[in-house]
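So the structure is just underneath, and the comments pick up after that.
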Amino acid sequence: MNATISYTLAELAERFDLAAHGDASVRVDGVGTLAAAGPSQLSFLANSKYTAQLAASRAGIVVVRAENLAECPGAALVAADPYLAYAKIAALFERLPAAPVGIHPSAVVAPTARVSASASVGPCCVIGDDAVIDDGAVLGPHCIVGDGCTVGAHSRLVARVTLVVRVTLGQRVLVHPGAVIGSDGFGLAFDRRGGHWIKLPQLGGVRIGDDCEIGANTTIDRGALEDTVLEEDVRLDNQIQIAHNVHVGAHTAMAGCAAVAGSAKIGRYCMIGGNAGVLGHLELADRVTITAKSLVTHSIHEPGEYSSGVPLQESRPWRKNAARFKHLDAYARRLSALEKDKNHE
Amino acid sequence: MNATISYTLAELAERFDLAAHGDASVRVDGVGTLAAAGPSQLSFLANSKYTAQLAASRAGIVVVRAENLAECPGAALVAADPYLAYAKIAALFERLPAAPVGIHPSAVVAPTARVSASASVGPCCVIGDDAVIDDGAVLGPHCIVGDGCTVGAHSRLVARVTLVVRVTLGQRVLVHPGAVIGSDGFGLAFDRRGGHWIKLPQLGGVRIGDDCEIGANTTIDRGALEDTVLEEDVRLDNQIQIAHNVHVGAHTAMAGCAAVAGSAKIGRYCMIGGNAGVLGHLELADRVTITAKSLVTHSIHEPGEYSSGVPLQESRPWRKNAARFKHLDAYARRLSALEKDKNHE
Amino acid sequence: MNATISYTLAELAERFDLAAHGDASVRVDGVGTLAAAGPSQLSFLANSKYTAQLAASRAGIVVVRAENLAECPGAALVAADPYLAYAKIAALFERLPAAPVGIHPSAVVAPTARVSASASVGPCCVIGDDAVIDDGAVLGPHCIVGDGCTVGAHSRLVARVTLVVRVTLGQRVLVHPGAVIGSDGFGLAFDRRGGHWIKLPQLGGVRIGDDCEIGANTTIDRGALEDTVLEEDVRLDNQIQIAHNVHVGAHTAMAGCAAVAGSAKIGRYCMIGGNAGVLGHLELADRVTITAKSLVTHSIHEPGEYSSGVPLQESRPWRKNAARFKHLDAYARRLSALEKDKNHE
């Protein structure tokens, strides 16, 4: 944390258009949790289960809803959505690693690639033919930008990102280490006569919209014929798998280890939970939420929250219940038979 | 797409032994979907749900089954399996990135490694002691081939592939970026006295047969004592986990995020769905299909399709149903009691 | 295997404090399975299902429980826990790849980094500002150690490991290829007015205790405000996802593809099965076991084994049972109604 960056209550109130309460000259140079923040740090209360920590907090400034203002022990900023306000304020205190403009001497750049003079290309990067690295883009160490790929202005590949071929990133896209974008889709035809698989060439590409974020070790395959597409502001956590020809609508977010099979079309403003899956060729409407580890087996036409799975139990009773599941259809029939008998009595 | 590569209907019919209908001189230089292909492109109809698009397609040539020939608006090729025929034809139009023969000056190659004069070793590759890179093999940028590993003839490591140690790839193996093959198996013994874990050395290797494909960020551990084995023509999608001492039979395919635990033995011609799992030490017969996200908890001795899981619902009714699952054994007992009462009446 | 390393029965008995039976001069230079080991190899019997193989084993020495001694055809070592004893003995025969002390000329090391004279830094490694590589640490090829990260003494990054920023590894930590530690946590606030996501800066770090092991392509995000923590001797298999601010207690082990969401707190000596998941902000007591593919949806306060999921079946009957699950709540109500009728008769 750079100690020379600090802001007063008054400065923060003005910059973020928030109502201030308390000593306008209180100054903070960082952020922390309600429990851990000290007098020179700002904290926030967004989740009511932490309300009990508010009165005892030593934070110099706390961001709260109006309803919690009375319990604040010191200076406060009032926001309709304290978590959002905190997110914006906290960004002031982030110190990103330095990214020197220019191309590191260990990088290998094809003569036909076009690298903006304001871009930063780190150690051991490899940039292919006809690739474009636009203004202000930052490539950390060990990034590979394949033939014909484009990294849009002010995008940032943190480190060790691979864009395989025909990948276009928009502006301000953030990609974390180990992500692989534009790899072959998994397209195979079975040759019955020969008794073996024949690979389908994957001739499409990948288009990633502005302001997307792609997590560590996430994989996004390129399309078979047309492109795999993420519209703008799509947010993917770590270890997500996006198969070929998937289309993800703007502002959709997916938690870690989610997976979407080929040619599925996900709407805008969807939320896909951790390790959830979507089968191929399905369509999800806008504003669909899928809870963690659920499997989407049919298209969803209405916004709302959807789930599958059974609850966690101690293994001993669980085993008994799980064994019964194999006879659920029979139980339902037996239940109907009893009811029928009852009605005929 | 290289516009100078093109083929007439007659040339394609002869090359792939297919019946041609329409103008023999129609020429195509690429492929596309029924909806998007233009007069200089070839398309195909394999899935009956797209039949409605056939009549309106502007594609120069369409590959169809005989039964759909009447609906073709223009030139056509007739195939028993149009998807397979299309796969073979489309390969003509794939342009792989150039792979210059020789070793890039930034690569680090151990003096005892043997690299064929016809192989291509890309920027920043690292090749260990006694490694072998055989004829026509291509290593894209940033590949690591550990001590004693072999890359068979005409195999291709797209980029950033890691072969850790004692890994042997057959011929024409294709490995996508981020894959790690030959890492330590997860072998631990618990030392009760010391209250901590003791690691078992992983002394085996990995053997990958000819014509296998390994997806992006997939991991295949080496064996503890003997080798982890993939027979020929095994096809693994992205982010698959193959634990130590697993044996996968020839022509088996696994979709993204599938996982196989240690010492499991999967048969030939199996299909493992996305995010499905197989527990350790189990055996699956040949021609077993596991649907997506299922967990295989016992060995399977008969070919067929197997599943687990419960269906997706709106979360509100799902929560009620899921809560009832915890009492399923009790319900079954109560149902039997009612039936017994009924029979004693 | 280096043939010059060998040990007699007497030497092994003394070194590991085990009772020896048979010819004290029997000498072994490697290990193998009961079925495959030859006269110059040591084997073990830990799992009773392999007892039948013992009498026919050609192994020079076998490690067994006292109760199996009578069936040993040759020399034997007796141990209370043969698997543990074998683990310790087998380590004698592991030959790790050579790691020359010093910094490879292709590595890029920041002037402010501190690399111990006894450390090994491999080809193409990139070490950032103020990073520390402590005594005897080994960095294989292509490792990235970001600004301010520390690699503790005798830790080993096998190859292509990325420590992003503010990551501290203890001593003797082993990290496998493709692992990403210290990437941004997935922290987002939704800006309703703007209709888009706002990213929360991830200002914390990651602390990994002594003797931890991190599998291939595993991801561990850094904390939002405080650190993500793994206590000592935590063992993570491949492709595990640990979100920001997770805390994992000492000696806990997780199998491949497990995932833990943000701010969850896992106890000591827990066992998390393959592809199991833990939702955010939950707490698991010490000595909790979660079986494979289960989803933990509530905190667990008691040690024991916990599960979720339904059993695998052939798909045809499974589909019928699964369809019934959507009506389980209704069935339970109908069952209660029948019972009530019965009691009122």
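Going by the order they are written in, the chains are A, B and C; count residues from 1 in each one.
Keep in mind that, in the parts below, a residue touches a chain if its C-beta (ideal position, glycine included) is under 8 Å from a C-beta of that chain, and two chains touch if they have at least 3 such contacts.
Small disclaimer: the values here were computed from a predicted structure and weren't measured.
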item: Rotation in the CA alignment of subunit A with subunit C, degrees, nearest 5; value: 120
item: Classification of the subunit B:subunit C interface as same or different, half of numbers criterion; value: different
item: CA centroid of subunit B to CA centroid of subunit C, Å; value: 25
item: Residue list for subunit A, restricted to those that touch at least two other chains; value: 106, 124, 142, 160, 178, 217, 239, 257, 275, 309-311, 313, 323, 325, 327-328, 331, 335, 338
item: Residues of subunit B defined as touching subunit C within the complex; value: 106, 108, 124, 126, 128-129, 142, 144, 146-147, 160, 162, 164-165, 178, 180, 183-184, 186-192, 195-201, 203, 217, 219, 221, 225-226, 239, 241, 243, 257, 259, 261, 275, 277, 279, 289-291, 294-298, 304-311, 313, 317, 320-321, 323-325, 327-328, 331, 334-335, 338, 341
item: Partner subunit C, residues of subunit A touching it in the complex; value: 1, 30-33, 36, 81, 83-84, 86-88, 90-91, 93-94, 97-98, 104, 106, 122-124, 140-142, 158-160, 174, 176-178, 211, 213, 215-217, 233, 235, 237-239, 251, 253, 255-257, 274-275, 292-293, 309-316, 318-319, 322-323, 325-329, 331-332, 335, 338-339, 342
